[in-house]
Structure formats: structure tokens, C-alpha cells
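You will see chain A twice below: alongside chain B first, and alongside chain C after that.
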Partner chain A sequence: MGLIEFAAAKTLASSAVFLFITVLLIAAAKRINACIVLFAIQCAVITAQIVALAFLHRSVEAFAVAAVVLIVKVVAIPYALLRISRQLKVTPAVVVSTTPGQSVFIVAALILLAFAVVQPYARAFALDSEMLAAATAIVLTGGFLMVSRKKALMQVIGLLVLENGIFLAALTTTFGMPFVIEMGIFFDLLVCVLLMGIFIFRIRETFEHVDVSRLRRLRG
Partner chain B sequence: MTKALDVFQFLVLIGVAPLLRGVVARFKACIQNRRGANVFRPYFDLWKLFRKEDLIPPTASLLFRLCPVILWAATLAASAFVPVLHTTALLGNHGDIILLVYLLALGRFFLVLGAMDGGSSFGGMGASREALVSTLAEAPLLLGLIAVAIVSRGSSIGAIVQWTADRHLFELSPAHAFACVALILVTIAETGRVPVDNPATHLELTMIHEAMVLEYSGPSLALIEWASGIKLNLMLSLLVALFVPWGMTAGVSFSALAIAAGVWVLKMALLAMALAALESSMAKLRMYLVPQYLGMATALSILAVVFTAFKR
Partner chain C sequence: MILLFALMFPLASAFVLLAFRNADAAARAALAAGAVEVLLLATCAWKLRVAGVLEQGRYLRADGLTLFFLINLALIFAVVLVYSTGYLRHVPGGRFSSPRWFYALLFLFLFTMLAAYLSSNLGVLWIAIEATTLASALLVGFYNTEGAVEAGWKYLIMCTVGIAFALFGTIALYLAAVRGGVPAARALDWTALMAASPGLSAARDLLKLAFVFVIVGYGTKIGFVPMHSWLPDAHAEAPAPISAMLSAVLLNCAMYALLRMEAITSHAIGSSFSHTLLLAFGCLSLLAAVFLMIVQRDLKRLLAYSSIEHMGIVALGVGIGGPLGLFGALLHAFNHSLAKTLLFFTTGKVRDTFGTLRIDRIRGMARVLPYTSIVLILGGVALAGLPPFGLFVSEFAILTSAFSGSHYLLAVFMLIAFSIGFGALFYHLQRMLSGEPQAPRGGLKILASETGAICVCGFGLLVLGLHVPPVFQSMVNNAMAVLK
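The block that comes next holds the complex of A and B.
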């Protein structure tokens, strides 16, 4: 076993831990920009994992997917989000309905739930239970972020985290989706972020804030 | 030979403690673009304090004089359980992680008592804050250590360190990662460093440790300062020993020991640098945000304990 294969196998084995830690840090972060950077780091971990898988399976397609993930998720989307958060000129704090301590507790509970739920499935299909649990936990955390954060921008980040989880689940269960579909999803994601950016600007122009908990009634 | 080595590393742990504080202060000064004091400054301070008169408030009882001595002795006893260069410690076979945690708690309990006995209102305020922080920090400290102990199937620190040193970095479980983050958060709170307490503050309303020692002077103050230096050194060495013990020697050959000493100095210097960078880049938390900070550490340590159930 060569050195690079060894490094690839170790990357695969340890990436679940890094994903758990990024998820917990996003839950604890107090500023939107910190959340965006943590999202980029999470995507970088996933990229490293795809590269390791591509190397172990000698698949050129997976290398291409890794390159696209790197460009779209690690560079383009965080850059766009940072730009949006700068141009919105709202306070940088993440407004939350739970304290950071509670958020970390809830995310820890979600991680445990994911582990407990995934075990029988992973055993039946002989999958890596840690990676599958990481994917499930990321999906759950993305949902939790969307529910508990009040700024519209954080809901975009929550959605992106959730999408990361789905992507990871596809990667661990079926070794990725077909290349064309993968490309379609990335394109969708990019357009989605742009549309949501425009939408957040419209919310701010109409209501002078981006706090979704205050958008209870429809106003023309 | 092994016994002599254990005594030596115990002496290193308590003797280097003031130097470590000086080094951290020096790194901080560098980051803040100041020249900073000599790194041996804390030794001169201790020497000066030991030669001064010990002033005792007229309202204080015998406890006031006794508390610094008990604090110092308890901290010293705790540091006899921490391996530095060698995977065993001086009293490594006579107690486990639980004794270590509660020796530190004993020292702190008497420090709090002494602060309240001094009779000043700041002492009482600092004491109540210290009691709050230490109560909340106890659970994550103990749970984090227990998680590591469960993974390595041994409750003595020597056994845990030997187990970790025999493996390499990627063989450690998620439990180790979570316990490591939790214990770093706890170490910052326990040693009174920046997000929780500011060791360099002169503002009575924000300080915890400094408010408690406000009434102390002379040799008593020297003992307290030395004990808090030893505690910082002890906690950082414990982090190094539990999570990155590679470089420690199991044998007693001279060359292996020299390498172990070099590696330890390097790791401690890196930690001191990280501590200085953290202290210069963060503001102190408001007092009522500290429970949230320690709540995060608790959540992580609980997660670490639960993760020990999932076999790697």
C-alpha cells in the first residue's frame, strides 16, 4: 500500500469527525460571516473526501465532481454570500431563538439521533455507519439552522448545509449520482443562491430588516 | 532510575510554571507590538513577594493564612499525577483522573474560603464568581477525562497516555476529538484565561481570580500566584499528555529523554503561542455568558462519552 493510498484511506476514515465538528461550530457561531466560512470549510472537507474516494476507485468522473464542488461550493457560493452579507449592511450578529449553548446541545442530540437511526440500515447494507450518520446529522442540522435562525441569510446557509448532507448521503450510499445529474444539482444550487440573494434584498427594501420571524402578515 | 526521573519531571512541572506565565506574557506583548517584560520576571516577582511582610486584615481568622498553603499543597499534589517526559508519573500508581480533578477542586475550594474570610466585598464577589465557574467547569472536565479513560480502558493517567502513545493520530476515535475540544474550553476556564477571566485586568468589576487575591500580600500572595502558574502548566501538560503524547519515552535512556524534553518544550511553546494569540484576539465574555460557554463544553464532553459506545 503506497503512501498516497494510505493518506486517502485515512482521510476517508477521519472526515466524519471533521464534519461533526464543523456542524457543531456552525451551531455555536455568533456571526453570519463566521457561519459562511465554516460552511466553506465543511465543503472543503467533503471535497477532500471525494478526492480520496476518486483516488481509491481510480475514477476520473469523481475527480471532475471534486473540482466542480471546489469551485462552486468552496469558492463561488461563500464568496457570493459574503458579498451579499456585506451589501445588506445589517448587523453581523446571527439572531437566534436559542442560545449558543442550547444550540450546541440540540445539535449534539441530533448527531446522536442520526447515529442511532442509521445503525440498522448501515448494518443491513454493509455501509460505513459513521459517514452515513454524518450525512444524516448534517441534513438534520441544516433543518435546525433554518428553523432556529431569524435572519433570512442564515436560512440560505441552513439550506446549503442541508444540501451538503443530501450530497454526502448520495456519496456514501451509491458512490455519487450520475455525472450529468450531479452537474444539474450544482447549477441549481448556484441559481438558488443568486435568487435567494435577490429575494433577501427585496425583503430588506420592503421591510427595512431581514428578520423572518417578523414577516407574519402579508403586505403589498 | 525511573523514580529519579519521576521526581525530576515533577520538579520540572512546578519549577517551569512561572517561566510559562512569563513566556505567555511575552508572546502577548509581541502580538500587541510591545517589548514586554523579561520572561523570568515571574521568578523575580515571587522572590520579592516571599521576602515581604504578610499583611492580614484585622477581621480575618486563621483560615486566611492557611488557605494559600492548602491551595499550593493541593496543586502540588495534583501535579504529581501528570506525566511530562515519561509515560508514568510520580504518584501515577496511587490515584486516577478522579483524584486529580478533585485535588484541583480542593485547592480552589480553600482559595474561595480564604477570599471570603478576607472580609472585603471584592473578595466575596470574586469568590462567588469563581464558585459559579468552577461548578460549571467540573462536569465537562470530569466527563472529558472519563471519555478518554473509557476508550483506553484504564482510569490512571499513565495507562491512558501509554495507550494513546502506542497508536497514531488517525487511530484515535471521534470521542477523542470531542473530548479534546471540550477539555481545551475547560482549560481556558479553569486557568482563568481570556474569554472567561482576564489575568491582566485592573478593573475590579470584571475580574474573578484577581478579585479573590486582592486582600493577600507577601508570601501568601506568592504561594497563590505560584499555584495558579503550576495549574496552568499542569492543565496544558495534561492536554499534551492525553491528546498528543507522541515523543514521550517509555524507557529511561538518555537520548530518548533528551528527545522527549525537546518535544515537550516545543509543544508547550506552541500552546503558549496559541494562548497568547487567543487572548489578544478575543474580548472577555460577559459574566452571564460564561455558563453558555461552559454549556458548550458540557455538550461536547457528553457527546464524547456517548461516542465511546460506538465501536470504531
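The block that comes next holds the complex of A and C.
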């Protein structure tokens, strides 16, 4: 076994652990900018994983996907989010309805839950149960971030984390979707973040705050 | 080639329309582009009727089911565009709320829905459905008021999260297909999946999981209760023509995606699982919507909840199944789109005259706006499923299929829900129509374009209610044959 194969195998074996660490840290983070950086790190771990897989499968398409993930998710989206957060000039704190300790505890419970629910599927389809659990845990954490964080920008981050989990699920179960579909999904994601940016600025202009839990005019 | 032209023309038009800074010029250009697009779609429909199936490259395909929904889309888009040219008089300009942005986004919205209908690949279908949210979010927030911004944000977040679940379901289906021996490059192809579906029954649990995620995902866009909370806000805060587009074609577009997925699932593992889920969501939506209609205070929110009710009825028709159930469901989707377009168009005039759509602040409408009131009453009669309008025929078909399939409890439940919905609708209508008018602020004159758009919808409802034309009948039959 060559050194590069060894490195690829090690990357695949250890990336689940790194992903669990990123979701726990995002749950504990107190500042929005820290969350954005952690999201970028999570995407970087996923990129490393795609590169490792691409190398093992000798797939050119997968290298292209890795490049796009690197450009879109590790660089472009975090950069745009950091810019928005700077231009909004609001307090950098993540306003949460749970304390960091409680958040970490809940996310840890979600990870355990993810391990429990994926076991039958992992066994039936001979899949890597750790990666599948990581994907499920990331989806659940994304959902948890969206319901527990009050600022508009944090909801966007929650959504992106959720989408990361789904992407990871596709990667581990079927070695990614067909290339064209994958690109279409990235394009949608990019446009979505752009639109959410526009709406965040409009929320600030019309309401003079970005606390979405205070958007309560429309009910019933 | 015609498929590609019909698909790409709205996209090109959207960019061209952005160049028209003058409101009148933009309206004329939009009308011209709309006329060309409707002609292109008519050519598509004609070729499709002759050939049965049209294909273009790897990702474009149209069949009988596509034809049915394409005609629905083309018809509603045409009347909405004509109505919009008059309606935009009322809209104050803003950075993103100028007429050129309105028309450009409207054409972009059309493009995404066409992409959903014409895609042969379930992955592309997902991308297109997600793109419909993106294209319409700015239109929902078009007025830029507090309510509009809130509704737009909620719409964007809720539908994106919901649709993400559908992606998860699509991936699970893809996994099942790949493991079932379908080559990876064609494993999201609808025709390939339909052909291979009987062999996929080994992955039973996975297919069930996939369908649960898909029905929750696309169900969010259809407006199934309990994922519906974006729908009343978006419908109420959007400009009237956009409310009509959302209610009349966007919901049908998401329903179309669900129908395609449902066909594969029920082919592979039998229809009982997917039908049970559809019945559950249908009953819940119908029940919740008719009760929520009673407590509404805003005319457009009332109509939005009625959309949830009717989407529930469509789901029930598909869930009951059988030829008559499915026939009723498809016909109902079409009829509902006509009735809802008609009613949303009248709200434009009501808002213009009274300055509000709050039901408790509108009094004596029958005297102030006699013609609009008549249209509103007729639209209400149509929406309540009374003869001589189309919704009576389709609701009757669904009820008949429920009785003949021995779903007696379900049929009685539907009858009770229909009556509550009818009561709620007319309770609110009579409150607005009667009473002493309190010096309304008097709006602009109704334009011929608005009257014309309303008449087209009303005429369509009447025709489908009195006698379903043979051409239409065979079109619905072709659509049903695709799903068989």
C-alpha cells in the first residue's frame, strides 16, 4: 500500500470523528463568526473525504466535485456570510434559547440517536455506519440550530449544516449523485444563500433588528 | 427541439425584460414574450398530442401527464400576465419592486416550473422545484412591507428546509435503484425507474423511507398540514397575480412531483403504503383547513386556507385511487386552479377600493362594487363545489370513488368537511357583502385586461362544470395512463 492510499484510507476512517467535533463545537459557539468558520471547517473535512474517495475510486468527476465544494462551500459561502455579518453591524453574539452546555448535551444526544437509527440500514446495505451516523447527526444538528437560534444569519447556517448532512448521506450511500445533478444542487444552494442575504438586509431595513423570533405579525 | 425552445425562451425573456426601465414598455414587451411563449407551449402540446411522448437529450421529456399540467400552466400564466399588466398600476416602485423586476421574476418563475414539468430526471425535478422557491421568494416579498418581508423570509426558509427532505428521499430512492441493478447514470431517470420498479421490491424498507421523506418534502410545497404555515402568509402578502400563480400552478407543480414519485413507489411495493400516507395527509389538511377558514380575518388568508383544503381533496382523490379517484384528483387540481385564480383576481379590486382586505373592515361591498361582488359570489359557489361549476364534477367523482371503494367513513368525513368549508366561506362573504358601506376611498376603474382575465377563468369553470369536453377527457385519460 502506497503512502497516498494510506493517507486516503486514514482520512476516510477519521473524518467522521472530525465531523462530530465540528457539530459539537457549532452547538457550543457563542459568536456567529465562530459558527461560520466552523461551518467552513466542516466543509473542508467533507472536501478531504471526497478527495480521498476520488483517489481510491480513480474518479475524475469526484475530483471536480471536490473542487466545486472547496470553492463554493469552504470559500465563497463562508466569505459571503462573514461579509453579511460585518455589514449588518449587529452584536456578534448568537442569541440562543438554550445555554451552550445544554446545546452540547442536546447535540450529543442527537449523535447517539443518529447511531441508533442508522444501524439497520447500514447492516442491510453494507454501508459505513459511522459515516452514515455522522450524516444523520449533521442533519439533526442543522435542524436543531434552526429551531433554537434566533438570528436570521444563524438560521441560514443551520440550513447549510442540514444540507451538508444530506450531501454527506449521498456521498456515503451512493458515492454521490450524478455529476450534473450535484452541480445543479450547488447552484441552487448558492442562489439560496444569496437570496437569504437579500432578505436579511430587508428584515433589518424594515424591522431594525434581525431577530427572526420577533417576526410574529403573521399568525393563524 | 421545441421542448428546449419552450423551456429556454422564458429564461431569455426574463433577462431581456430587465432592460425595460419604462413601465409601459416593460408591460408591452412582457405581453409579447408571453404570447410567443404561449404559442410555443401550444405547439408543444399539439406535437405531444400527436406523438404521445417527446424527448430531447438526456434530461428533457414530456408525456401525457406533462401535457395535462403544461396546459394548466400555460393557461393560468397567460391570464396572470394579462391581469398583471393592469394590476401593476397599484404597485409603488422600489429597488426590487419596479415593473421590470416583476415581469422578469415572473418569467423566471415560469421557467423553473416548466423545468420541473419537462425534466425526465428526478434529480433535475428536485433542482427545479427548489428553484421555483428561489424565483418566487422575491415576488412574495414584492411589496417590501413588514408583512411581505416576513412572509418572504418564512417562505424561503420553510420551503428550502422542506424541500431538503425531498432531496433526502430522492437520494434514498437513488440508492435503492443503484442497489437494485439500475445503472448509476440512469438511476434517477423516471422512465428507467418505472421500468425497473417491479424489481426494486427487495429494498422495501428503503423505498418506504424514501417516500416518507418525499411526501414530507414536496408536501411542504403543496401545503399539506402540518407543514403548511408558510402558505397563508405567502399567499396573503404577495401581489394578487402572484397569489394566483402560487395557489393555482405552484401547488400543482409540487403535486406533479409527488405524483411521479408516488407512481414509482406504488409500482415497486404496492400502492397501500403510499395511498395510506396520502389519505392521512389529505384528511389532516382538509380538516385543519376548513376549521381554520372559520377564524380567518383576512380575505386572502381565507382563500389561502381554501387552497390547503383543495390540495387535501386532491391528495384524497389520489389516495383513494382507482381510475375515478385519480380522474377526479387531476380534474380537481385543474378546476381549483381556475377558481382560485378568479378569486385572487377579484381581491385586487377589493383591496384597491377599501384599502384593506380585513374582512371586518369591509362592509356593504354588494352596493359599492356590484360586479366584483357577483364574481366573488360565483367564485365562492364554484369553490364550495356547487353546480354548475367544474369543482362540483371533480369533487363528485372523488366522492363516488370513495363510496364505490367502500371508504364510507372517509366519504362521510369529506361531506362533513365540505359543508364546514362551504359554511365558513359564505359566512365571511356575506359579512363583507352586506351592511352599510362606510365611505370607501374609491379605486381606479377596472380595465378590460382585468375583466377579460376573470371572464376566461369563469368560462373555463363553467365549461368543465356543464360538460367535460371530449378533448379534455382524453387528455386526462392520457395523463392517467402514464401513471398506471
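Keep this in mind: the second predicted complex is superposed on the first by the 217 of 220 C-alpha atoms of A that agree within 3 Å, B and C clash if a C-alpha of one lies under 4 Å from a C-alpha of the other, contacts with A are read in each partner's own complex, and residues count from 1 in each chain.
By our rule, a contact is a pair of C-beta atoms (placed from the backbone, for glycine too) under 8 Å apart; a residue touches a chain by one contact, two chains touch by 3 or more.
Not measured: the values here are computed from a predicted model.
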| query | Given the superposition on chain A, are chain B and chain C in a clash or a fit? | reply | fit
| task | For A:104, select first, second, both or neither according to whether it touches chain B, chain C, the two together, or no partner. | result | first
| Contact breadth on chain A, by residue count: chain C or chain B | C
| Partner chain in contact with A:115 - chain B first, chain C second, else both or neither | first
| said: Tell me the angle subtended at the Cα centre of chain A by the Cα centres of chain B and chain C, rounded to the nearest 10 °. | reply: 150
| Touching A:184, do we find chain B (first), chain C (second), both, or neither? | second
| request: In the overlay, answer first, second, both or neither for which of chain B and chain C A:206 touches. | output: second
| said: So if I take every C-alpha atom in chain B and every one in chain C after superposing, what is the smallest distance between them in Å? | reply: 23
| note | Intersected contact list for chain A, partners chain B and chain C none
| request: Using the touch definition up top, name the residues of chain A that touch chain C in the complex. | output: 120-121, 124-125, 139, 143, 146, 152, 155, 159, 162-163, 166, 169-170, 173-174, 177-178, 180-181, 184-185, 187-188, 191-192, 195-196, 198-199, 202-203, 206-207, 212, 215, 217-218, 220
| request: Write out the stretch or stretches of chain A touching chain B in their complex. | output: 10, 13-14, 16-17, 20-21, 24, 28, 99-102, 104-105, 108, 111-112, 115, 129-130
| request: State the interface residues of chain B toward chain A in the complex, per the touch definition above. | output: 170, 174, 177-178, 181, 291-293, 295-296, 299-300, 302-303, 306, 310
| task | Over in the complex, which chain C residues touch chain A? Could you list them? | result | 59, 96, 121, 123-124, 126-127, 130-131, 134, 137-138, 141, 144-147, 149-154, 156-157, 160-161, 164, 167-168, 171-172, 174-175, 178-179, 184-185, 188, 205-206, 209, 232-233, 236-237, 292, 295-297, 301
